[in-house]
């Protein structure tokens, strides 16, 4: 038995832990051989492989990024992409494929299995935690931890000066990182893509915070949008690849609006890629390692077209399509629950 | 409506986050008043209270420990303890009590409700994660993170020298911290209280590790015991308050045994109380805050005798007795799953 | 003997450690009384004071910000400012004043002593490390540590994707944070305010890095400026209060230039205020504590008009004017030394 | 020109940063070739080498430990050790040797140069900071940071319970880590090897602390000894390789003494090897990198028998013998300065 492994999409702390879990158990318990495909689906499309064995995965558990590299190559948008994959899997004598990735990467795996019978197992990955069918994905806890630590640090400045501090965190379509880090960090306003915000309401929270104690901290997901955003922000908005309207630099924009409307100074921190880099948290290593161990079990069981998922404290298997069918966004009730801390 | 709050047992990162969540929601959404009882059940027994309002909980979210203090006072082992509690609750005009604590603290709350009709709501707390009826308790994630970071640091020494490194972590009766941190830290041996270990097997893993790459790291829960421990370790064992045999300083003892049997140098790190101190992780703040928000909802609903619990990503309510009925120990299958990384 | 204490200018990790050192030694060894003035020079100008004794400084050592608050009030730019200070010091029966702050705050202290005989001792503070006459100021080590950790995290993304990562760090007039964190973080390009940069040279380094291994990380101080900046950047530049030309958002601007000229994707992280917040590093606590202990010794010795300073491992006293006479900028030779790591 | 590099003695965060600095500058600016000797002086004695070039040092800056391995081999205690070194250097065509290590490693380098004319340059390394002739050595700041973070965590437990917490830190012959981390962490008692401690005095501080606020934290260097230690502690003491009396497990011993004499519970944390492992602090990376850059400059200048050293903010060169002549211990005045925080 020979198993191919690839990682696709944006990088995410825990990818290497998955790879290590897959290979350690596959080699030691089942005697499988492995081959790594480089840069997501580009690897099988172009036949670009690297050796993957126990020495190759030694020491990678605590390291961010992915030893296999990543890309956004989509074989269904590449001429003869699927045929090339079939040829290259045959050439590499690969009997099954483990695809670690987000919506796009897993979507390809699901179609390759359903339409072409290529035996794929999926491992869900998204820093944004917006994949359905799993309680959490690895990388999310690390990102929330980094954002929370940043908010912690801003509190001391907020205590010493009279400035509004705006923190822009990741989250284009879902506000999980903003919600969790905002709650954990004691933010005074949390703005998420799921609910358009009212700048006047934000300013009212800011004002009430100044009255109650010290300067407010506003956490805003990069995909959050003001009401009437399309009209108000002629130049600042753009459309992303999904055709959604996007506000470029919402943190900076919001800080300026707050300054203009409240007369208070406002400063912005844009955390950017530091949220998805570096060593995974202990939780993410645990989750990613277990995902790896269970993904190779699915291969052994011939249970293809499935992906591993977290349910409570258990790792289960679900059809890949369950994860990619729709985005997992923040439940309005959950957002409202957090509202007690606003202002 | 006036609500009393107390924290009992060992301290645990997240206690203050619970208190803050309870008070913020209780005051702002329900208009309740609050009173803090000092040092666990000692507070209501002796009528020792502190004011508890929004200013009192400001800034405590990221702080370890508990602003209410803690103790192991048990009113059922105190003369007229229950009567004193009833009197003091009446005197303080307290209509309901939120008890945040582990097995002992919650056990008292359950009996006070069932036997004396005192309206109690519980919030589960244990650094060791060994309470049933909840997926996780706050504090555990922080402890695992601290232990994992320590193991990370030991790897570089292990790479540079030929020494066995033993890390003793918390866990008297359950090996959750050892298992999670050992897996997340890439330990080569993990020993837990649930399964007596064979020193020769440990030495075999140590030897195989030396052969494969660099020096091994052994994570041992403080409550782990060797096979035949009672006979072998005349002086080192003691009996704890439950009558269980306990090996004092198992980490140090094991290091000496490994040195004697393998001829390799071994060094011990005893993490001790640093695992339960300091700022809570983002996950623990999130969990503890939500526990607080839901505990005050249980009070509002008059749903007494219950405690809040985590099920997947939801906070639910379960009878307190479900949590205290039996210790949640590591499932043998889960321990075996980790075994692929041993040696 | 009664001593007033104030903190002025931007906040900086370690301010509280200085205050604690001053008060602990002053009370316990010399039997002095203390009074805190609120918000820098605003306190003595307006007679706004807070009690300052041993209980007031308990637990503040590890906390960022300042318990005394801060502002940029300058009594020499306030009508009757100096007279108000004299009156308020007399009213509070203050015999000496310890002023903790940067160029502006210390400059006021020096003039008050020299021109009006008000007995002042200074403690140097600047996150940017740009004060002369002291090897380091507290806060700087913390800021460098935070920036370095951010750069560390970006490396894993750089390894997994083919993107240029730009990190904008603090430093308007001096590049110390950029230089230290860039060197400690293994950045591939470091840009500082002391030397105008050539965008084509930056792009050449970026290209050579891509060839050698993985994607480059560019650290840029917020005050760094391209050659011909004034002409090229009509809209992006502004003049700060010193009349210096300033490029607003140099990180974002540079990322766009790199994208345009090299065709590679570029992403920006703006660390902002998180560099000056949160708990001080161990080094900064040690330095700030010792500054406090030595500042109160200067008061005891009647050695006014002086500030404490670090020389090697010793705390010495120097005339305040030595620190404020000129900005301590990065020596060209030191910057050149770092150049071996560029590209 | 071909340069050999070796690392000797205990591992220390920053060793890899030195190696990288040496190689990057040597190759890029001077066109030198390099060879790595394995495991300290064992490498040149046995002719055990590894290739050392720019790819070999890529990515090692943030990693603890040493890619060259380490040992305590002393060629002067090995039969024909010096002759073997001369032969192996000739065979490897090595023109100069950079030895990175502590007292022992540097002492060998000094003798090889002085007695046998082997062209050596030294780089000082000691986690304990006890080498003369340099303000600091790399690794020390990292160790102090780790110990300080541990002490920070213990404060929250100390606030919540009535327990004495003892932290044993590194430092056999010098108390630098204990002093710096104790001061930075706000410890209530600091005990160092340079001054024998009086257990009754320790208990008095403990008692006064309990009275003033919350439970005390005692930081004790592993080499600290009680007065009359030799007589009192028959079994617990041993003699180290220098013939000095050593108390094994002083932290554990002291906790028991405090319990016995004060009746208060006491708990011990032994940090052990986690103080010398893991990623170096930003300060240590900066210092180690600059040591590397200046060491290769010394080779270029033919300035042998010297080692690089930190003086203030400058890197200078001093005779190796200046560093190894005597241990740099804590000045009594400095220890007394810290005494204001005891009790």
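The first chain written gets the first letter, and so on, giving A, B, C and D; residue counts start at 1 in each chain.
Note that contacts are C-beta pairs under 8 Å (C-beta built on N, C-alpha and C of every residue); 3 or more make two chains touch, one makes a residue touch a chain.
Source: prediction; values computed, not measured.
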Inset, instruction - Enumerate, in label order, the chains that touch subunit B and subunit D alike. - result: none
Inset, instruction - Going by C-alpha centroids, which chain is farthest from subunit A? Tell me that one. - result: D
Legend entry - Length of the line joining the C-alpha centres of subunit B and subunit C, rounded to whole Å: 41
Inset, instruction - Take the average of all CA coordinates in subunit A, do the same for subunit C, and state the distance between these two points in whole angstrom. - result: 35
Legend entry - For subunit A paired with subunit B, centre-to-centre distance based on mean C-alpha positions, whole Å: 30
Inset, instruction - Two or more other chains in contact with one residue: find those residues in subunit D. - result: 149, 152, 155
Inset, instruction - Mind listing each pair of touching chains for me? - result: A-B, A-C, B-D, C-D
Inset, instruction - Give every residue of subunit B touching subunit A within the complex, in rising order. - result: 24-25, 28-29, 58-59, 61-62, 135-136, 141, 144-145, 147-149, 152, 155, 180-181, 183-186, 213, 279, 281-283, 285-286, 289-290, 293, 311-313, 337, 340-341
Legend entry - Of subunit B, residues touching subunit D in the complex: 10-11, 13, 63-66, 69-70, 146, 149-150, 152-157, 159-161, 165, 249, 252, 267-274, 276-278
